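Naming follows writing order (A, B, C and D), and every chain is counted from residue 1.
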Amino acid sequence: DSTTRVALVPGGPHPYFAAWEQAGKDAARDFGLAAADYRVPQKWELSMQNQILESLVTQGYNAFLVFPGDPVGTVAIANELAGTGAPVLALAGCLQDPSEAKFCMGTDTGNSAYLGAKELLEVLGPGAKIAHFTGFLVDPNTQLRIDAVARAAEEAGAEVIQVIADIDAPEPAEEKINAYLAAHAGDVDGIITTAWVPAVVAANALRRIGDKRIKMVGIDHDEVVMNAIRDGYVHGTMLQNPYGQGYIGSFVADRLRSGCEVKADAPFKSIALTDKFIDSGTVFAGIDAVDNYVASMQAITAELMEGFEDTYLTCS
Amino acid sequence: MADIEQNSAPVRNPVTAHPPVRQMTAVQRFFLSNEFGLIVLIVLFTIIFASISPMFLSNFSLYAMGRTAAVNIMIGFSMMVVIVTGGLNLGVGAIGVCGAMFGGWLMQAAGLHWLPACFGALIVGALLGATNGVMIVKSGLHSFIITLATMSVMFGAMIFLTQAESFREISPAFSTLGRMKILAVLSPMLLTAIVIGVLLWLAFKFTTVGREILAAGANARAAELSGIRVGRMITYAHALSGVLAVVAGLMLVSRTGAAIPSMAGQLGQDWLLPAFLGPVLGGNLLTGGRISVLGTFLGAFLVTMLTTGLLLMQVGAFWVQTYLGLLLLIAVLLDLARRSYLARNKLV
Amino acid sequence: MTQHITKSDWFGPFVVSVAAIIVVGILKPSFLTPFNIQILLLAISVNALVAFAQMVIIGIGQMNLSVGAIGGLAAISFAGMMEVWGLPWPIAAMLALAVGLLAGVLNGALVALTGVSAFVITLATLSVFKGINLGITEAQPFYEIPEAVKWIGNASLFGTIPLLFFPFAITAIALWYFLFRLPLGRTILAVGGNSHAAELSGISVPKAEIVAHAISGVLAAMAGIMLVARLELGQPSIGDDWLILSFAAPVIGGALLTGGRISVAGTCCGVVIIAIITQVLVLFNIDPFLVQVVLGLLILWAVGVNRLREIRGQRHVPGGAA
Amino acid sequence: MSQFTFQAHAVTKTFPGVVALDKVNLSLTPGSVHALLGENGAGKSTLIKIMTGVHRHDAGHMEIDGTLFAPQSTREAIAAGVGVVHQERNVIPRFSVAENIFLETLSADPWKPINYPKLYRDAEHWLDLLEIDADPSTKVEDLPVAKIQLVEIAKALALKSRILMLDEPTASLTQHETERLFSIVKRLRDDGVSLVFVSHKLEEVQEICDQVTVLRDGRNACESQPLEGLGRQDIVRLMIGRTEQIPTWSQRDCRDRDVALELRGVATQAGHTDVSLSLHKGEVLGLYGLVGSGRTELAKAIIGADKVTGGEILVEGTPRNITSVADALHQNRIGYVSEDRKSEGLILMHSVLDNAGITVWRRLQNAIGAFTDRSVEKAVSPVVKKLEVRTPSLHQTIGNLSGGNQQKVSVAKWLAANVSILIIDEPTVGVDIKTKAYVHELIRDLADAGTSVLLITSDMPEMVTVADRILVMDEFQIRGEVINDRDYDRVSHEIMQHIHGSSEVAAE
């Protein structure tokens, strides 16, 4: 049996990562790993995550799947982990090159925001005015997302009339989004949200005003967002593939410990943060996909899984 | 009826001899002190954790614990020097990050050697802290509300200026400090914290400014009327707080090998908890006037240790915080019990 | 009489909030549309309860760091009991309030019995309560909120006054009456004003502490419950951001952190000022990278104006700052 | 069967490092006023605190009407009919006068709404009785110190206790207010109340008391003895073990010496419009006035703690702009001993040494701004010894010292400061007679050594004993000057004339 003990460590408690727990369990069972445990920092704090990771080394984990609390700030600890001989993969979010992570598997957040904005602007038509609700400014993804949405708007001849950031928590999101809609609902044709919480809050707000004129594209698969899509308040959402990340990641980590190497010429994608990126699936789910999005994610996962070893690894 | 004593005019030295006293020795006082309590707790929990998980005392574990504690200790010191004035500094995180980012900028954009860069960062910390101090003194408003507002302004200005981008080109010599191991277990960061702790202790025990800050914190009005420039002392304390916060920030820079805007979370708020935990567990009065550098040091260390121990014991991931809270309560109650036991049995 | 009003604790913040409303209303007429007023009142109603929860503790001269943790725990209890146990919402709400009460009494009892500062105790219980919250939810929200609750969270009278405004208004009046007219409430302020003197006057300080913390717990729980109705889901992260608001509003409203001096009306004004500032940042389309700077400056402005009013005509008191 | 209402047997109480009470006995009879006397730190307040449930005694026992009395809290003591006015002020500053008066009864029925109009009306009764000129709805924090003291007395009276203890109630009262209090005390005594009266003013004791207990070093020097037949010197001997030594100094005139401090037409924000005076080198200049006449405010303006709005202040002949106490101390060598030791004079949580040394740190610091406690100790211990500050060590927290000993330290720290001009405001409030004489001696010694002293006191005998020259202040103005030839009757008469003369003028 494998001696691989995988730790799946998100940046903090967040619904997005819940799927990792099951993914780890499934992978441990399917591939006979010694463990593939989901270990959550109690708070969304860089130092907390670092402390957990250090503790996991002490506890004997030897493979790490990490959502970087910060793309730059997490590099040091990732390198330290790698220094113990454990394979480290950045999962769901990337470390900025250079780092000793084997690669990054996740959503191309810039691309996802770009595609989401495209979907939105398509239904709105040219000359549309849109608002962009996004996450914390200290998260450099936010800047990528702001840029990507702006680029998409420019290409489509639309205008981003307001960006509201720093609202990745329910209460400020509730307050600011509602205040914005109260004053500007008439001025705006569409909304794109590129963080989990604003998506949930904006979906609720639109349902509350009952305004189906304003079109919205959200992110992630929170039930509130999915229901709003079903009921026609939200046009669609940009899905990510957390289960697939956790499942494939655990598998790869074990392979890397049992003699496999990442191919020197592996066909990685390049994104703003890293040149070693594997897209875990960037999917738009509209009304037609809302009831079978799980299936479509599974399909993507299966597909990635199937060719993974051949495409990316050389095993002795 | 009592006798009327006549003509007994005893010559005595009232300072020492009168009335009949049972003087407490320095050792006895120490046994009753908060610091001793913390040491007892640290020893106690070390034994408990080590017997549950021997890995707790492994070299790597001890090293990592010391390194994490060093940052928490510095953050605690930063808050402590303001707490002794009877005030608060909610902006420890914001100032720490601002200073550290400036240091990062000096190294990356201005290409400075790490030593002058750190020095520049500390100056920024002192200036930002002094700004807080001056505003508090001039407005007469509580430091809580002033630092609440300036924390937002300072952090916001930093985000605006850096556009939330990190500085990665930190001189390798500097980031080595964050990874270096002395005798396999000791981090230079912990060493730095110890040295700064000793300096602070000396400053508040033996220098006029230190003592005047304490007097101002204990009773501003009486201090002012005794010829102490209270406003100036409050400004000094805030400036010092800024410097210490930047030291903590620079430690994180050295450790991460980069200056990142999110190192203390949104608005630097991640530092608030460690900022208070050390000083408060260490026995510094929130109302000011009393300082315990050793207490802050030990308090911050205890909390880091409890967290490390709990993480090692693999209690259900989501429950860790509950246990940490309970351990804190137990720690506080144990210390209380210890003191009342000693007092009741007149053991000290 | 006029002098009496202008001298009162809440007058300064009141002037600031009225001035802010007028200025913003003139610059942005959409600020005063019924819908926007409704949004504003909604924010005020919940935030005021959060602020009250802290205000009572400030009144007794202590701090309660666990306000947010209690609110969050009550919120997820409320949502969880409805989703998992299928309890009808009024019963769930009562039980969630009871959770808040229990948490508050626990805080109060620990403070009173050990004599350890409330700051330390609530720092520890904050972890305990938040940990229970995360342990129960594993950071996943409860989604199944009954329609009735969602309706309450979003309905309003005449399109301007949200239903949630009423629990707030009633609580504010009741709290004022309790603190300034009932002996029990006065005892709390007496302890805050000078606990030693209060004790020498035969007031039971421990009892006052327990009562104050119990009230604080219930108020925090109420805010949590109302937020579930408003957010339409039981978010485990409810309460995470309350701490600073909970202090800022009473302090802007004239409360002294040293205790004994608080004002219900002043705290309400503090909440209004903060709500307006938050809205202004959105209304005037401030560059997101500058929002924090402007926010800080506006807070300084608000407290500064109030302070200037206080200083004028006052004697020079050395060492007034801390 | 015991004839006494209250009895304390061999009550003992120790604090860390201090035996405050050592087998003390006390018996109170109904309808009498019992004097509890002793030097500063003798244990008077401690005994009272034990009787009122503030402290618990270590040994011995107390009885009321033959049943054991061991109050565990203030509430229990109040319930047993024991009321008290403590030596230190204990009011809720933000509460109204009326609420403070009825604070004890307030918590009796926690849910019964307070009827404020009625509360105010009830309070009027007590305010009238004590002739306190204040609205019952005024916040106590807005009252001057003397009135707060009266409110505390009203508060104790309102309890209608069987045993009422007054711990130095007259320390900050004027003669008129004291007389008022005494007439009430007599009435209570006649109603059968048992009163305990603590004071360092022996004239008052002899006027009002009929029994006496003297404590010395925490032990009974005498025990519940009739006061009748004991002369002043007998009492003094019980208290300090020897007779009183009243220092007398011959008349002195320093007006031909250089002027150390001069005020020319000084106006202040506090309300002075035109104050002129000169203080000569080595002179003790008295500033007499009734409470509220503006002496303290003038002192604060001189040292830069209050704003000066007009006129000139000259130190050693040169005009100075003093904007802070630090300026006054370090640039002009002027010091000020505050009348309010608790909030302005001392840092209660710090040690005796830190309090006494606070003014010398800067003088003792070396090049890097550091100093050692030992050097401070060396600088302050002569004065601390001279004043016989009773403390187990210099490291004792000053808040744990008896009131009078605290007062000594608040004077001592300015004696140590080595200033050339010292303003001393009410230096002997609450100080025992022995120490009072020491303080007077010290003031004279300072003057003899060349320090110029501006002495503010409301204690007429003190003024006549110590001052060389006396200025009379009333309503923020200097009304006249009296050359002190130590003839008490003449000097005091002349002073009162200046005050009454001015009020007659004002009335016209």
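We take it that contacts are C-beta pairs under 8 Å (C-beta built on N, C-alpha and C of every residue); 3 or more make two chains touch, one makes a residue touch a chain.
All values reported here derive from a predicted model rather than from experimental measurement.
*Asks:* Pick out whichever of the two, C-D or B-D, is joined by more C-beta pairs in contact.
*Replies:* Most contacts of the two pairs: B-D.
*Asks:* Let me spell it out: compute each chain's centre from its C-alpha atoms, then which one is farthest from subunit C's centre?
*Replies:* In terms of C-alpha centroids, the chain at the greatest distance from subunit C is D.
*Asks:* Could you grab the centroid distance between subunit A and subunit D? Build each centroid from C-alpha atoms only and quote it in angstrom.
*Replies:* 72
*Asks:* In angstrom, rounded to a whole number, how far apart do the mean CA points of subunit B and subunit D lie?
*Replies:* Inter-chain centre distance comes to 40 Å.
*Asks:* What is the distance, in whole Å, between the centres of subunit C and subunit D, each centre taken as the mean of its C-alpha atoms?
*Replies:* Chain centres of subunit C and subunit D, defined by C-alpha means, are spaced 44 Å apart.
*Asks:* Using mean CA coordinates as chain centres, what's the gap between subunit A and subunit B in Å?
*Replies:* Spacing between the chain centres: roughly 37 Å.
*Asks:* What residues in subunit B touch two or more of the other chains?
*Replies:* 159, 163-164, 221, 223-225, 318, 320-321
*Asks:* Would you pick out the residues of subunit D that each touch at least 2 other chains?
*Replies:* Residues 305, 324-325 of subunit D each touch two or more of the other chains.
*Asks:* Quick check: what residues of subunit C touch more than one other chain, meaning two or more?
*Replies:* Those would be 131, 134, 138-139, 289, 291-292, 318.
*Asks:* Kindly provide every pair of chains that touch.
*Replies:* So the chains that touch one another pair up as A-B, A-C, B-C, B-D, C-D.
*Asks:* Which positions of subunit A touch subunit C when the two form their complex?
*Replies:* So the residues of subunit A touching subunit C come out as 13-15, 18, 40, 42, 137, 146, 161-166, 169-172, 174-176, 178-184, 200-201, 204, 208, 222-224.
*Asks:* Once bound in the complex, which stretches of subunit A touch subunit B?
*Replies:* Residue positions touching the partner: 13, 38-40, 42-47, 50-52, 54-55, 57-60, 69-70, 72-77, 80, 96, 136-140, 142-143, 166.
*Asks:* Which subunit B residues qualify as touching subunit A in the complex?
*Replies:* Of all residues in subunit B, those touching subunit A are 55-56, 58, 60-61, 64, 68, 71, 159, 163-166, 168, 175, 178-179, 252, 255-258, 260-263, 265-266, 270, 307-308, 311-312, 314, 317-318, 320-321.
*Asks:* Under the touch definition given earlier, write down the residues of subunit B that touch subunit C in their complex.
*Replies:* Subunit B residues touching subunit C: 85-87, 90, 135-137, 139-146, 148-157, 159-160, 163-164, 216-217, 220-221, 223-225, 230-231, 234, 267, 269, 273, 276-277, 280-281, 286-288, 316, 318-326, 328-329, 332-333, 336.
*Asks:* Which part of subunit D faces subunit B closely enough to touch in the complex?
*Replies:* 14, 16-20, 41, 216-218, 220-223, 225, 234, 237-238, 240-242, 303, 305, 324-326, 328-330, 335-336, 338, 343-350, 354, 358-359, 361-362, 365, 368-372, 381, 384-385, 388-394, 413, 417
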